[in-house]
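Read through the structures below before going on.
Shared chain: chain A. Partners: chain B in the first complex, chain C in the second.
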Partner chain A sequence: MKPNRILTVLFLLGLALFAWWGDARMDRLLWRILNLGAIYAIAAVGYTVINGITGQFSLGPHGFMLLGAYFTTLLILPLEQKRAVWIFDPLVPPFSQFSLPESGFVLALVAGGVVAVLAAVVVGVPALRALRGDYLAIATLGFGEIIFLLVANLRGLTNGAMGIKGIPFYTNLKWAVGALVVLTYAAVRLKNSSFGRALRAIREDELAAESMGINVFRHKFLAFMFSAFCAGVAGGLMATLIGTITPDLFRFFVTFYLLMIIVLGGLGSISGAIVGGFIFATVFEALRFIDTAVVPGMRMVVFALLLILLMLFFRRGLFGREEFSWDWIGRGASRVWRWAWAKMSSF
Partner chain B sequence: MAPYVQQLFNGLTLGSLYALLAIGYTMVYGILRFINFAHGEIFMFAGYWALLWFAVLKFPWWAAAVLAVAITGLMGVIIERLAYRPLRHAPRISVFITAMGVSILLGNTIIVLPDWWAGGRQKPFPTPPAIMTRIFQLGDVRIQGVTIWVPLIAIACLLGLLLLIYRTKVGRAMRAIATDLEITALMGANINRIISYTFLVGSLLAAVAGILWGCRYPRLQWDLGLLPGLRSFTAAVVGGIGNITGAMLGGFLIGLGEIAVVAFLPHLSGLRDAFIFAILILFLLVRPTGLLGKPLKEKV
Partner chain C sequence: MGENELILSLRNLTMRFGGLVAVRDFSMDIRYGELVGLIGPNGAGKTTIFNMITGHYTPTAGRVLFQGRDITGLPPWQVARLGIARTFQNIRLCREMTALENVLISFHPRLRSTVFDAILPSPRYLREERAMREKGMELLAAVGLERWANFRAGALPYGLQRRVECARALATQPKLLLLDEPAAGMNPAEAADLMSFIGRVREIFNLTIFLIEHVMQVVMGICPRIRVIDFGVSIAEGTPEEIKHNPKVIEAYLGEEALRA
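And now, the complex of A and B:
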């Protein structure tokens, strides 16, 4: 085994231990922030695959997260809770007939992701074939709004604007970090394969990529489906972390958060998306005092200003298009060591 | 017959507001090839400026309206100067992300402004002058003054705009930039000044639309800009983006269509924006150049 692989395995073991310890006895606020960070990171990893790596500007992930959240909830909400929530318009079968136990949580999460992928097929077949750039952005934004309007109006399925209460709190660090690790692994494998190189070729020059024999639509489409799956899973995790969902939970502002995350991390960097997700969750929580102490809503003003300043002065982001690797750490460490050694020997 | 005539006037009113807004999208797109996502928020801000001058500082109506329009126009110019111009040579997506940031910044600024002016809750727009609220009776058709005045004012503005574009030097420069920015620069036109003028004109029209919107639907809210903005953008696409007459046409079509859905299919009115987005997506897919736009060839 190569030393780098050993380091990775050790890191994952450490992560597992940390998640196990954290679920048992971590401070609740910190625990919640880490969960939120992992969920944002999951959605952001998917988002950066389509936005950063493939260069196709989508503004629809909030719609996919909404779908994932509702479908996962429909599967795992206990039956008595289902009877209590849908009062005016009864819940339609088959969802009114069954509910998955906690052991089926992973199934429910995957199902949420799959429903998001199905929606992505409906959106992607026309939109990705014909549109690019800011037209694609507006069209996906439109699809996201259509999903929201459907969720808000199909009361027999979603209970409309009143939302769904009493969702069991299944999400914990084991699930959130576990899903993050699995999806990151998939994204990294995707990026470093010939498929990923084709995606980057499409980002750099679509016409040139096509003339090199890359099936542009198929590549964009698969990247889009992957990103929708990540968003759906993130939505399901979010629903079971918060415990209450309404259609308003995933409006356009969520896409704005994700955009901030991947811009901060560096458009096109998976490591950047993950680091950005955790930074965002932390800062978002840390700045809560602005809303309470100054004026409610000030926090979003600060974040919007931050996004503009990032775009104007720090467009590269934390990672640029680079990825984290052990060699990178090694090189950095040896550089610091040599620098320190030179300083010390000059005394 | 009477309800149809009344709905026709309602549709024309809404359509003329969308037309005024759509111009801003289409002019900026025609010249800089990017979607000014913050345009809807500029429109929304105009209503709040009018509220400030008229309801808070007690200016007369005409002065409040003029001041609000002027300030909003200036806002558009300043935003372009600070947020978009530094990114003129960056990838177009960067400008678009920045425009989104500006849009969210403006919307949330309304939330944090003090309660006597704005704030997160809905604010009533002051009652417009009597000429707007009067009801005209023609046989059994009852028409509110506002549904006559709004289209008239809008059409006057649109005629003024056409004069500006086709009969003045600045307008010629704008058309030249829309054709080819670099060649126009080589010809000695001051590109930055012309682009500032473009944003000024677009924002002025949006401001007129914002104040008229307040007279027609007298409620202001911080997220007012989003949906009318997207509907007007749809109007610009339907008309053929980059084409000013097309944007006007698209605006009226979208406005009439929306009123038709609300008036004649009331049980679907909750989904009216879904229809508008469906139209947008359909047009983008089937006829991206819109009704009046010319096809663009891609250069290799």
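And now, the complex of A and C:
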């Protein structure tokens, strides 16, 4: 085995141990922030595949997250809770008839992702075929609104604006980090494969890619479905982390967060999306004092300002388009070492 | 000339943009293995003709036949898969990708593995990826670029970028290669160099080449047959000698005064 691969295996083992330990005895606030970070990172990884790597400006991930959250919830909410929540409009079958046990949680998460993918097919076929740039952004934004309105009004399925409460808290670090690892692996493989080259070619020069025989629509569609799946899974994890969902759990502001995350990390960098997700979750909690000290909602003003500053002075983000790798660490470390050595010897 | 000797047949192509007629009633036949030049002053409609062949534009009227098959109105990616490759007047490389990656893009449509194969990755995908890289390096070597394989395409000097673009077009394994002003922005020495390069490529890859140029001297040396258009209308066709002395061509290029002088 190559040394890099050994490092990766060790890292994953360490991560698993950490998740185990964290779920058992970590400080609850920190535990929650890490879970949120992992969830944001999952959605951001998907988002950077369509927005950063393929260069298609979608503004719809919050719609996919909402779908994932509701579908996962519908599958795993215990039957007695279902009876307690849907009082005015009874829950429609088949969801009123069954509920998956905790062992079916993975299935419920995947199903949430799949439903998001189905929605991506519906919106993607017309939007990605005909639209690019700003127009695609507007179309996907409209899609997010449609999902919100559907969720708010299909009361037999979603209980409308009253939301659903009492969702079992299945999400923990094992699940959130586990899903992040699996989806990151898929995203990295996708990016580095021949398909990823085609996606990057579309970002760089769509006309040229098309002239070389690449079916541009099909590849945009592929990236769009991947990002929808990630968003759906992230939504499902979020629902089972916080235990209560309402239709305005994922409004446009969530897409705005994700945009900030992938720009902060470096557009098109998967590593950047992950690091950005955790930074975002941390800073978001750290800035909570602004809401309590100044005016509630002030935190968002600060965040909007941060995004503007980011675009002005830090457009390439933390990673640019680079990815994390052990060699990259090695190069960085040797550079620091050489620098320190030069400083030392100049004394 | 028999029908089955023709690789490309353009029949009465007309392209209108609103009130502007960019190309009017343009017809032309190209036989297998030919090297044909299309020349004309700036704005004569040369690139428009290319765009109609490759499917970037759908002609307002007329038909494009490739190997006897009507390809009018097919999208560019399908046209490319049938065996027509092109380069662009203003080089269109994926600048952030390496020279090798640019070439590999052209192999992608032929990939047999599915996206799941690629994500896993399955042995089939790994085999294909390895084969693509080998073929890509061979191709870069054939155009003298193996040293630059892992350089960012956008960082290469202009002349080399042209070659990368050419290699990328060749990687689609075309039967017909369309070159849109390959010598644009080059000095006479570089242009001559490029033209001999094109001649070599044509022999190695057994290609039919259709090339656009607006500097007449460049094509004179290598194209046995040249077509001239002006204001979207075909005005002359013949050997370089005939073209050089054709009064209509001289008028188009130099104006009427030159003819009277």
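Please note the rule applied: the second predicted complex is superposed on the first by the 347 of 347 C-alpha atoms of A that agree within 3 Å, B and C clash if a C-alpha of one lies under 4 Å from a C-alpha of the other, contacts with A are read in each partner's own complex, and residues count from 1 in each chain.
Heads up, the rule we're going with is that contacts are C-beta pairs under 8 Å (C-beta built on N, C-alpha and C of every residue); 3 or more make two chains touch, one makes a residue touch a chain.
Quantities reported herein were computed from a predicted structural model and do not represent experimental measurements.
Asker: Does the superposition put A:Val283 against chain B (first), chain C (second), both, or neither?
Answerer: neither
Asker: Once chain A of both complexes is superposed, is A:Phe143 in touch with chain B (first), chain C (second), both, or neither?
Answerer: first
Asker: According to the stated criteria, A:Leu207 is in contact with first (chain B), second (chain C), both, or neither; which is it?
Answerer: both
Asker: After superposition on the shared chain, which partner residues are touched by A:Met298: those of chain B (first), chain C (second), both, or neither?
Answerer: A:Met298 contacts chain B only, not chain C.
Asker: After lining up the shared chain so the two structures overlap, which partner does A:Val114 touch, if you call chain B first and chain C second: first, second, both or neither?
Answerer: Neither partner.
Asker: After lining up the shared chain so the two structures overlap, which partner does A:Tyr135 touch, if you call chain B first and chain C second: first, second, both or neither?
Answerer: first
Asker: Chain B or chain C: which reaches more residues on chain A?
Answerer: B
Asker: Based on the superposed arrangement, let me know which partner A:Val106 touches: chain B (first), chain C (second), both, or neither?
Answerer: Once the two structures are laid over each other on A, A:Val106 reaches no partner at all.
Asker: Taking the superposition on A as described, I'd like to know which of chain B and chain C A:Ile308 touches: first, second, both or neither.
Answerer: The answer is first: A:Ile308 touches chain B but not chain C.
Asker: Looking at the overlay, does A:Val85 come into contact with chain B only (first), chain C only (second), both, or neither?
Answerer: neither
Asker: Would you tell me the residues on chain A in contact with chain B in one complex that are also in contact with chain C in the other?
Answerer: After superposing on chain A, chain A residues 207 contact both chain B and chain C.
Asker: Which residues of chain A touch chain B once you look at their complex with the stated criterion?
Answerer: Touch list, chain A to chain B: 55, 57, 126-127, 130-131, 133-135, 137-139, 141-143, 145-146, 149-150, 152-153, 207, 252-253, 256, 259, 263, 294-298, 300-301, 303-305, 307-308, 311-312, 315.
Asker: How about chain B: which of its residues touch chain A in the complex?
Answerer: 34-35, 83, 86-87, 90, 92-94, 96-98, 100-102, 104-105, 108-109, 111-112, 120, 226, 230, 233, 270-271, 273-274, 277-278, 280-281, 284-285, 288, 298, 300
Asker: Can you name the residues of chain C that touch chain A in the complex?
Answerer: For this pair, the touching residues of chain C are 54, 56, 75-77, 80-81, 85-86, 88, 92-97, 101-102, 104-109, 111, 113, 115, 118-121, 125, 128-129, 132, 168-169, 171-172.
Asker: Chain C touches which residues of chain A in the complex?
Answerer: Answer in residue numbers: 186, 189-190, 193-195, 197-198, 200-201, 204-205, 207-216, 222, 321.
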